[in-house]
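Note that chain A is present in both complexes that follow, paired respectively with chain B and with chain C.
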Partner chain A sequence: MATLTKKDIGGFLARQGILLAFALFMIGFTLANGRFLDPDNVMGVIRSSAILGVMALGVTFVVISGNLDLSVGSMMSFSTIVVLDLHDKLGPALAIPAMFAMTLALGAFIGFLVGYLRLNSLIVTLGMLSAIHGLTLTWSGGKNMDIADKAGTWFDVFGRGEVLGIPVPILMFLLLAVTLGTALAKTPFGRKIYAVGGNGTAATFSGIPRARVVFSCYLVSAFCVATAGLLQASRSMGSQNTVGQGLELEVLAAVILGGASLMGGSGTIFKTVIGVLILGFIQNGLLLVGLPFYVQYVVTWVIIILAVWLDIAAKRGRLWSPIA
Partner chain B sequence: MTGTFGEENLMRLRTVLAASAASIALSAAAQADGYRIGITQNNVGVDSYQTTYEQAFIAAAEADDGIEAVVLDAGGDVARQIAQIEDLIQQEVDAIIIWPTNGEAVIPAVRKAKKAGIPVIVTNSNIAEQGFDFIASFSGPNNITQGARAAEIMCDKFKDMGIAGEAQVVHITGQPGYTTAIERAKGFEDRLPEICPDVTVLDTQPGDWNREKAQTVMEAFLTKYDDIDGVYAGDDNMGVGALNAARAAGRDGIVFVGATNFAVGYEAMERGDYWGSIYQSPVDDAEAALQTAIDVLDGKDVPLLNYFDTPKITQDNMGDFTKPVF
Partner chain C sequence: MTTQTPVLQLEGIVKTFPGVRALDGVSLAILPGEVHALMGENGAGKSTLMKVLGGIHQPDEGRIIVGKEPVAMSGPLDAKAKGIVFIHQELSLAEELSVAENIYLGELPEKRFGLVDWNELYARTNRILEKLKVGFDARTRVGDLSIANQQMVEIARALTVDAKAVIFDEPTASLTDAEKVVLFDVIADLQSHGVGIIYISHRMEEIFRITDRISVLRDGEYRGTLVTAETDEEEVTQLMIGRSLDLSRNAVHHELGEVALEVRNLSCHGLFEDVSFAVRSGEVLGFYGLVGAGRTEIAETLFGLREPSAGTIHLNGEKVRIHSPADAIARGISLVPEDRKAQGLVLGMNCRDNMTLPQVDDLKAGPFVAEGSEIAIFDQYRDKLDIRTPGWKQAVGNLSGGNQQKIVIGKWLAMRPSVLIVDEPTRGIDVGSKSEIHNLIRDLAAHGYAVIVISSEMPEVLHVSDRIVAMYSGRVMQTFTSEEVTEDSLIQAISGLTPGQAHQTDTTQLSEGKDIQ
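Moving on, here comes the complex of A and B:
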């Protein structure tokens, strides 16, 4: 008979502290409002989180490789506006691949600057945040973009459709999470990313082409952003130019909440998904509890800090640990 | 976070000269007492309203031979706007029109303009009250009236439906801390109990002027409350987001009322999904600002708060209004 020793439990906690934190919040919100765990509500929250989530998957790759991507919010606005505009000009079947190609080109450009010119990713993507916003505004002329004939197109299937009762955004989020999670954990490509982010010099001496790995991570990120833009455009069938504004920080928060290190070399797709869900359920839970919204900003921060603390404390095996 | 967007707008300086060959001969008199009017806008291009406003302003200035306009845009950046006001003072324009990026931070620059003897007209969104001494006039919509009118639209509809004695409403506001958002919310919440005392406001949460955010907020409201009869959103963009959430959840029969009628709101009204809004035209807004500046320079008696009218629009009277271009 297998018995759980104290060590086993400790080991589990150390690996999955963030899961424990997640479970605690879910219990707390459920006690505060019984409807929190309604299947409709849970489904709704995951569907709303799917857009942020898809972006966070890509940024996880970039962060593990030891870099940052602050451009994902404005890049998502770009993808959304472009696909909506092209929808009416070319039809959805051409608009979608065209938008993906353009977004991937932006990702390739960033990957080139960071990977091959070895520029600081913070500066490059902070600059791109502004530049891509400008590109979006130039494209749209500052006007909101709306699909003219909303009833006569199948384009809404990505954002509003359902398969076997499960919303398509959730399915796409899951599919991407499983695919990218497997790529990261089980393939040589994934191991190279950890190596590059963990110890670049050692990676070079092991014959890993660092520039190409970093470049690929930005391509993955751009692909995820394009998918998020598609979901966003299809969900609302129209958009403001600023739809993704500020999302870069929420995405980064989800990734860090999931335990990825900003120094690179650590993090998993599974934990990023948990980070995304924590953010989504906090927002929804606070709305259901009905706190005044000025208070919500503060409470959101408190919960995030608590989650990070629980995660770190579980890893260290103690709550109190001053800088020595 | 969102900091200094709009670097592409780097000091867009457009001088609009009304100088067609035909007008030169005719306008000798007009040139003699012609006015140079400078405008520094908030953030052209960030939304369709501001884009349309700029186009309408330039068109109105070009149409008047006596006006030379210096059109600037702050790109949402307070520091840049202050620098632009100082530039306009240096250029000794006759009047300065400001669409404030921040109602408080621009006050010192406005004061400087007044000291230099240049009248300042604030457009669209007012500056904070402690700056009122330094401005010649505010030209723009009355957002408290807009909120009150939205309450009237909703109350009238409830009375028609015979549910004015029991209806329950949720309220989605604009960005917390923004004057427009605060004033519209105040107008709505003060007026509604006066005319429909038995209608309950169940909940108020911000949608940040963002359709996606409003949709998420509405989803939570729909989970939390089984019986919602009306939604008031601080603008149509958010109203349509809330409408999308209600339709996805299969909740019919909700009365949606917004403000700043957008094209998406107008279309939803055509389809019968969305009940009403407040019609606010960026063209009227721009023309009113220019006219206010001209009136001030002509020495006319201009009220400090010079509002242009923003009428009610519902499915019943929407035929009287053209579809908004933004």
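Moving on, here comes the complex of A and C:
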């Protein structure tokens, strides 16, 4: 270990490349704009990352089980529209559980198709992305949804409230992260998710009900989406039908950035939280240095490709390994 | 005969894979017009040798000589162009295409504008089919043919080139007696045209009926060539399994307990039929047979991975139905599966978590996994099985094959089963770990476990078993006690040769495909 070879450096870059790239970004942004590390800005980034973060927690479960969920953005639009609409019809106390039940039913349907019918999760959730969008538009009739009496309801507490000076979305994100992180790392259920994602056949041969585990992961994902929808609706008190559009890719970027393998069987909630924050800070930094917001779509793509490449490179122990 | 120039020669072929010397200096010479049998146990190196010959693997050392020319094979097409043609056990035909299209795939005759010249194609094909005396036409869809006729299509494909040597790999595995006669006629015809034939089979009867010479491989080494007319089954068997066998024969005996598992007339459509056996606690019951004889499928049925189509399973005298692995585990059945990497382990997971996986629901402290109990279980079986690992945090994928196998065995012993099924307990692991695992199996029986061992290695079944069930084509041919069993009788039984058993005509129905002829 006395001398560093080219291969050692390559391996180190492959393993720690994401953090290095992140550090470089942070230094660059700070030099370009002094406000970047301002406490208000940092809090703002965390706060605006919370909704994405909540969704990423659920998708982490799905990805570790060896599947994908590309329907979360579309499903979040659905939850937001539904809870806003029902708010004025049923009142917030009934609207929230009703919206959760409906979102969980969608998750259960996906879980049934992927888990029990063993359909390819990419196709199923890509299809659901479109189908749920149609469902949302049908529900709303294509119109924006607004809460009529914005002053006379406690509904805004989730999105705008603070406890001990900390915004509620951040608290919810942390609470869910700790709960789900513990469930994943410490319970038999979590252990089975890793087994199913790591080697589904071996899990079956160990008596683990693979279909039920996959099904449950989609329920967890749907629960997180419903929470995100609630936070979104409560923050804006009104919404377009397309509020969650494109989020599926950002969520996936955060999860992969955190180091969960798309092959399944690896990743943790803690790493996903890191991934969410990296993505949030980079997007914020781009805005602060004066780039238009739409640059972030391209940057999200770059981040996904970079993360996937480094993940593969870390496994192979080198950065460059073309097909022979 | 010896003065002829061989059509094909392999000289000193060496091929190693990580950790295994698959072929160790194998030489073989095929004379024109001879049928040359290639024999050896599963894993002796026959398939690797054929892959080297077909250019799928490149040899580390040695050379291939076709006629008088040393050649390098870049792949199966290259081999075919050089006159070396393979008829595979697994057919590689496009079912939706016609016989003619399959035969000339990749070299269809063309007319103007690159269109297929169908008339020419069918005419050429029918000329070949006539030579083979088959009852179907060039236009027939291949999917509509029986397995035997599909094989004829493969053979017809071989005849489109000027074949110097044709390799048959277990060609009769799914043929009826009548179909075999046709196949043997075709082989005789090829022979009369000076083509050299390599005939790979486990079936002694066929070997002695149609071959001229027999070459034997064992553990990747060439063990010798015998002239068929001057040898007998016993000599061939000895060459195949080696001499050291009797020394390692299990001689330990101890008290047997009650019948732990009994299976009556168990069938699973197309995989095995009418299988009955019983195993007592304290007993090791071996299952021996060729790959595909139905042994693994029986194990999978007992473990709830397949639904039986008929028959009953009795555990400790009680009739049970097993619908899932969870059912089987709850009833005290454990299965150490045949492929440890694909079925036995989650390679990216650590040693401890792999070992406790089947019981993770039962190891709880409140809502959480009791990691302390897990570590205690891991430590216990690490010591008991002498598993070499830096610690429980090590990913199983980093361990050697032998240690991985011990993790799988430990995982299932930790369930304290009443019946332990071990499928191919020592596949792909080194000699030292092998004998440790054999001793362990004997030791488990001595401690009152009922153990079923499925193996394709004869020395292994002979060494560990108290009784041996010989299977052939999904049926139990005979059950031997360790006192009465001989290598010869065992080989005969698994080749379908056991006297007094009706086999060929009805067992072939198991695998016979649809036939519109």
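Going forward, the second predicted complex is superposed on the first by the 265 of 324 C-alpha atoms of A that agree within 3 Å, B and C clash if a C-alpha of one lies under 4 Å from a C-alpha of the other, contacts with A are read in each partner's own complex, and residues count from 1 in each chain.
One rule holds for everything that comes next: a residue touches a chain if its C-beta (ideal position, glycine included) is under 8 Å from a C-beta of that chain, and two chains touch if they have at least 3 such contacts.
What you are looking at is a predicted structure, and each value in this text was computed from that prediction instead of being measured.
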| item | value |
| --- | --- |
| Chain C versus chain B on the shared chain A, clash or fit after superposition | fit |
| Touched partner set for A:198, first chain B, second chain C, both or neither | second |
| Contacts of A:165 with chain B and chain C, given as first, second, both or neither | neither |
| Partner chain(s) touched by A:265 [first = chain B, second = chain C, both, neither] | second |
| Touched partner set for A:207, first chain B, second chain C, both or neither | second |
| Touched partner set for A:144, first chain B, second chain C, both or neither | first |
| Partner, of chain C and chain B, that touches more residues belonging to chain A | B |
| After superposition on chain A, the shortest CA separation from chain B to chain C (Å) | 32 |
| Overlapping contact positions on chain A, where the chain C interface meets the chain B interface | none |
| Touching residues on chain A, where the partner in the complex is chain C | 186-188, 191-192, 194-195, 198-199, 201-209, 265-266 |
| Complex contact set, residues of chain A against chain B | 33, 35, 38, 40-41, 44, 48, 130-131, 133-134, 137-138, 141-144, 146, 160, 232, 235-236, 238-243, 245-246, 249, 283-284, 287-288, 290, 293-294 |
| Residue ranges of chain C touching chain A (in the complex, touch as defined) | 303, 305, 324-326, 328-329, 335, 337, 342-349, 353, 357-358, 360-361, 363-364, 367-369, 411 |
| Residue ranges of chain B touching chain A (in the complex, touch as defined) | 1-2, 4-9, 44-48, 50-51, 176, 203-206, 210-212, 215-217, 219-221, 223-224, 237, 240-241, 244, 248-249, 262-264, 267, 326 |
